Amino acid sequence: MALEWQVDVWLNTRAPLELSQLRGRVVLLHAFQMLCPGCVSHAVPQAERVHQEYAEHGVSVIGLHTVFEHHAAMMPVALEAFLHEYRVTHPVGVDVAVAGISIPATMRRYGMQGTPTLILIDRAGKLRLHELGRMDDLRLGMMLGQLLAE
Amino acid sequence: MALEWQVDVWLNTRAPLELSQLRGRVVLLHAFQMLCPGCVSHAVPQAERVHQEYAEHGVSVIGLHTVFEHHAAMMPVALEAFLHEYRVTHPVGVDVAVAGISIPATMRRYGMQGTPTLILIDRAGKLRLHELGRMDDLRLGMMLGQLLAE
Amino acid sequence: MALEWQVDVWLNTRAPLELSQLRGRVVLLHAFQMLCPGCVSHAVPQAERVHQEYAEHGVSVIGLHTVFEHHAAMMPVALEAFLHEYRVTHPVGVDVAVAGISIPATMRRYGMQGTPTLILIDRAGKLRLHELGRMDDLRLGMMLGQLLAE
Amino acid sequence: MALEWQVDVWLNTRAPLELSQLRGRVVLLHAFQMLCPGCVSHAVPQAERVHQEYAEHGVSVIGLHTVFEHHAAMMPVALEAFLHEYRVTHPVGVDVAVAGISIPATMRRYGMQGTPTLILIDRAGKLRLHELGRMDDLRLGMMLGQLLAE
């Protein structure tokens, strides 16, 4: 089973979200940093498109702001401005900082190696993909289509 | 059930292909013209990528050269040069010309309105999508993923 | 001085064009083939943009169809369809074929190594650039701006 | 004559830069915000390319961080991280904040209407272009080429 995330600030959602609440849906969790170029140009807008087009077909898109460098530059107030300017409407959680280390809690728990990282979790809550780097639209669509059909 | 295509010249395949032979596979049939800009920049390379990446996962990609204008410019000898220059490796059939009308036989039989046209046929041989124009990679992936999972 | 081109068929112009007539203007001569992918995706539309935006500022854009392979696929009738479909409005000349060799006359005279090839000729008729391959917009603009200012 | 800028923090340069020092060079001044999508995807990398390719040919590229919204999210510490992550190497100055108003000093002095704004100043120190929004590479090259040739 995919591990629960640890988030202390949520944006674009009225109530905190837990993975366990999303059972029955396909979950696209994308870990990003607002100053990571590959996230900004590719992973974040790709996730937003999935949200816009497939939320109503059973995909829950969750952004996870996993700041592991330049912490002072990527505080929640900056993230909020980023999401506004880039018109990101899907829920985004701030990964909980851990005292004394630069890697935040969920990032460490999942063993993520950097950003962007894409994670797909099936309707049963099982981790099905964990991948670092740029994900091709065609391949992402294929995987989501297969997970939705299960 | 999807209708059989009518082809008199095949390229990139040793033997002629019939739709009925492909039962059990998902079929992506894309109708194009070698001088149609939207086909050349988008639909043909997209189809080739699906072929390269998903042929072994059960998708059969078939190009159909449906010449309905500039016939003298798009004869099979020209098509062959086009496929070579654009490194198209998936099978392509030339839609059979019909005496006295500009629209070739399969194009007419399917009621295609122009190029590019994308057609998806499921493992059971049933037509599932018929769409004119540019198809988004994410959406195409979603549909193929769902058809493969059936 | 840049050498005169040899053309036997002109498209997109009422009268044949000679380089000597264009003295006083900056000339952008681009050699292409209608089935050369890099020409179709980049060099031809780039040349057309220069024509659209800078013809009235002193730049004459001339396409030269230098067919050196797949001759049967790129006859003038096919070129005409190509120019129509890709909405090319600048003058295009067909480089004169030479009996017994695949390289046409102007291509050989200029020592062009392939397509696309870009040639810039200054207001005095002197060759200033001869380059094979993809030309960056910024760099092309820089060179044209400097030649126009002379 | 172009007005002097007002900057209190400089990055990517050892010493503060004044416009008056750059007489004899063509100056490309681009006003941006690190959370402005059009700046990040287009104007900043375009300016950096001009810097990389044309600094030694007489063009001085200067970025001006004109924060007029989300001030807390775009402090100098955040800008520094942004420049590092996006590999911006040309000099960037932070436009001086003005107490009580959101528009910083140089932005107001120049009458800039938003970001990105591109300003070109000729070798004599005269303002030659002031434009809001996305600038085409070809057109920018043309203007720079002409200014360099003066």
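All chains are identified by letter, namely A, B, C and D, in their written order; residue positions are counted from 1 within each chain.
Everything below uses one rule, namely that contacts are C-beta pairs under 8 Å (C-beta built on N, C-alpha and C of every residue); 3 or more make two chains touch, one makes a residue touch a chain.
Everything numeric here is computed off the predicted structure, so don't read it as measured data.
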Next on the checklist: Comparing the two chain pairs, does A-B have more C-beta contacts than A-D, or is it the other way round?
Outcome noted: A-B
Checklist entry - Per the centroid of Cα atoms for each chain, what is the distance between subunit B and subunit D, given in Å? => result 49
Checklist entry - Roughly how many whole angstrom separate the Cα centroids of subunit A and subunit B? => result 36
Item to check | Whole-Å gap separating subunit A and subunit D, where each centre is the average of the chain's CA atoms | outcome: 34
Checklist entry - Among the residues of subunit C, which ones contact at least 2 other chains? => result none
Checklist entry - Does the chain-touch network form a line, ring, star, complete graph or other? => result ring
Item to check | Complex contact set, residues of subunit C against subunit B | outcome: 35-37, 40-41, 69-70, 72-75, 77-78, 80-82, 84-86
Checklist entry - Across the complex, what residues on subunit D touch subunit C? => result 46, 49-50, 53-54, 136-150
